[in-house]
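Each of the two complexes below includes chain A, the first together with chain B, the second together with chain C.
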Partner chain A sequence: MRSFIMRWPELGLGVRCKGLDINQAAFDIFVENMPTKALQGHEMVGGWLLRDHSILFNRKPFDIPKVELSTENMDQAPVGRISFLRPQGRGAELLAKYDESVDTREYIPVAQVVPEDLEILKKAGREQWKATTRTREIIFVEFVKEDA
Partner chain B sequence: MAENWKMLQQEIDAASERAVEECPDDMLRVFEYDIVRTGAGTGRLMMGPWWEGATSTRYLGSYYIFNIVKVAQDMNISAEQIRQLVNLMLPTALGTVELCDISDYARFTRQTIDCINEEIDDREDMLSLLNSLWFYGSAANAWCQYRMKWGIGLSFKVNHRDDLIYMGSRANEAFERWDHEKKEEN
Partner chain C sequence: MEAWRVLKEEIEAQIALTSNQPDQDILDVFKYSISKLGAGIPHDDQIFSTWFYGAPDVTYAADWIYFLIELARSGESYSMPALHKMAKYWFVHPSHFGEYCGLFQQYSFTKRIDRMLDTLDRDSFIELLTVFRSYIMNINAWIYQYWPWGVSYAVPRKDRAYYEKGLELLSQ
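Take a look at the complex of A and B:
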């Protein structure tokens, strides 16, 4: 099964993410660049989304033309959706939807948090919101292949 | 002078990898310690450099540089056209980044523009350097988003319909009370 782990060591939390039927080549490039880590951020306009502004693709650059990528509107995406924004060359932005979003723009879905881990994702989202708006604690996110 | 751009790219790439885990000094200075050495910040109010600095950082990398690289995926876009786009799209946002004392990112961008204008003729070399700069900008953007003092915003909630109805009813109440109170003549 095509999957990876998204985890937050500072929070002691992690979720399992499965590939989708679409954008499989994008998923594969992402996994090929694992392990990778980023500063965990939070979306501040469009709703309850974890947002990573700089996912580094250090092993294999992202070279899939935009026309070959499927998109979906974030407000229509299911909770647990992992999506790319602006994947290109050396990196991408990544969003993880953990609750409602009003963002009608298109993103590139690459994975889905498994149903049994959705509550963990929501907990991570709430903790990150608290860190962003109150405690200012620095939280990193790591992406690792599932067998790592 | 020859091959300066490759040294610049190595420096930008190394800074990008550091920025995955460490906040760049310029972001720390402006968004955490509220120090702006350029004199920016009218009336010494920090909100201006925060707001304009964060926005211009975002626009410079994620919108302008990214889109130049993206449009140049069309092989009909020549090196000269990429150069024109760089000179058209980057300087204004870069000026704001500089004004807000986001100095490392500004220097990388200024030197990238110089290399594209004076040294690089090959379109793939231009795009390679711009791609490195774009990723550095993304990493810098992540930190300025994080260091931004969002807690200030807890005092200012977005009003929804119910809030406005409630506010309206209280305002009406206040006027009614005023209307029914005996007015003292001065």
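Take a look at the complex of A and C:
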């Protein structure tokens, strides 16, 4: 099964993410670049989204033309959606929707957190919100292949 | 080794560093409120306006570099002189402002890219800017980390009902 783990060592939390029927090549490139990690952030305008401002593709560059990628509006995306923003070459931004979003812009969906882990994702989101707005704790997120 | 490849390797080293920790510029400006070139001093010696203007310029740089790379890809009609000109307009200027705010390393790289732009062919232009974008994205992530988001609780959103209530209270 096409899947990976998104985990936050500082929080002791992790969720399982599965590939979608769309943007499978984008998912595959992402997984080829695992393990990878990034500074975890939080969306500050569009709603309850974890936001990673710098996901690096250090092994395999992202070379899929923009026109070949499917998009969806974030406010319409299901909770648990993992999406890219501007994937290109060596990097992308990544968003993980853990609750309501008011962002009507288009993003590139690549994976979905499995239903049984959605509450864990929400917990991670709430913890990151607390860190971003109050405690200033530095939290990293790691992406690993599920069999790693 | 060609000059752009030497620069690329130096940027790669900074990408590796900033993937795990902020660089000294970020710590100075956004954690310790130290801006060494004087930005903000004439304005009651505060740092907030330096943060407000300096941080978005780094975000802009990442965005404009993304667009430059898209426009440089094969199939697009932009000539190399046109791309070089756009690069100067789009990210050299905001990067210079970032330096004024205290983000020296990023502008150091930008200046060197600017100086060698005319020597870059399409492939090396894309390759060098791709690496530079990754570095800028890392810097951007740390700026977001240290930006004082808690301040936002001091400025809540308001709506029509809020002001109608205010008018109602005034009329009493």
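Note that the second predicted complex is superposed on the first by the 148 of 148 C-alpha atoms of A that agree within 3 Å, B and C clash if a C-alpha of one lies under 4 Å from a C-alpha of the other, contacts with A are read in each partner's own complex, and residues count from 1 in each chain.
One rule holds in what follows: contacts are C-beta pairs under 8 Å (C-beta built on N, C-alpha and C of every residue); 3 or more make two chains touch, one makes a residue touch a chain.
This is a predicted model, so every value here is computed, not measured.
> Once the two structures are overlaid on chain A, check if chain B and chain C clash or fit side by side.
Verdict on chain A: clash between chain B and chain C.
> Look at A:Val102 in the shared chain and tell me whether it touches chain B only, chain C only, both, or neither; answer first, second, both or neither.
neither
> Per the contact definition in the header, classify A:Gly89: touching chain B only (first), chain C only (second), both, or neither.
Both: A:Gly89 reaches chain B and chain C.
> For chain A, which residues belong to both interfaces, chain B and chain C?
Touching chain B and chain C on chain A: residues 37-39, 41, 44, 52-54, 56, 65-66, 86, 88-91, 93, 132-134, 136, 138.
> Considering the complex alone, what residue numbers of chain A touch chain B?
These residues of chain A touch chain B: 37-39, 41, 44, 51-54, 56, 58, 65-66, 86, 88-91, 93, 132-134, 136, 138, 140.
> Using the touch rule from the top, collect the residues of chain B that touch chain A in their complex.
16-17, 19-21, 62, 66, 69-70, 73, 131-132, 134-135, 138-139, 141-143, 145-146, 150-151, 153-154
> State the interface residues of chain A toward chain C in the complex, per the touch definition above.
37-39, 41, 44, 52-54, 56, 61, 65-66, 86, 88-91, 93, 132-134, 136, 138
> Can you list the chain C residues touching chain A in their complex?
Chain C reaches chain A through residues 15, 19, 63, 66, 69-70, 73, 126, 130-131, 133-134, 137-138, 140-142, 144-146, 149-150, 152-153.
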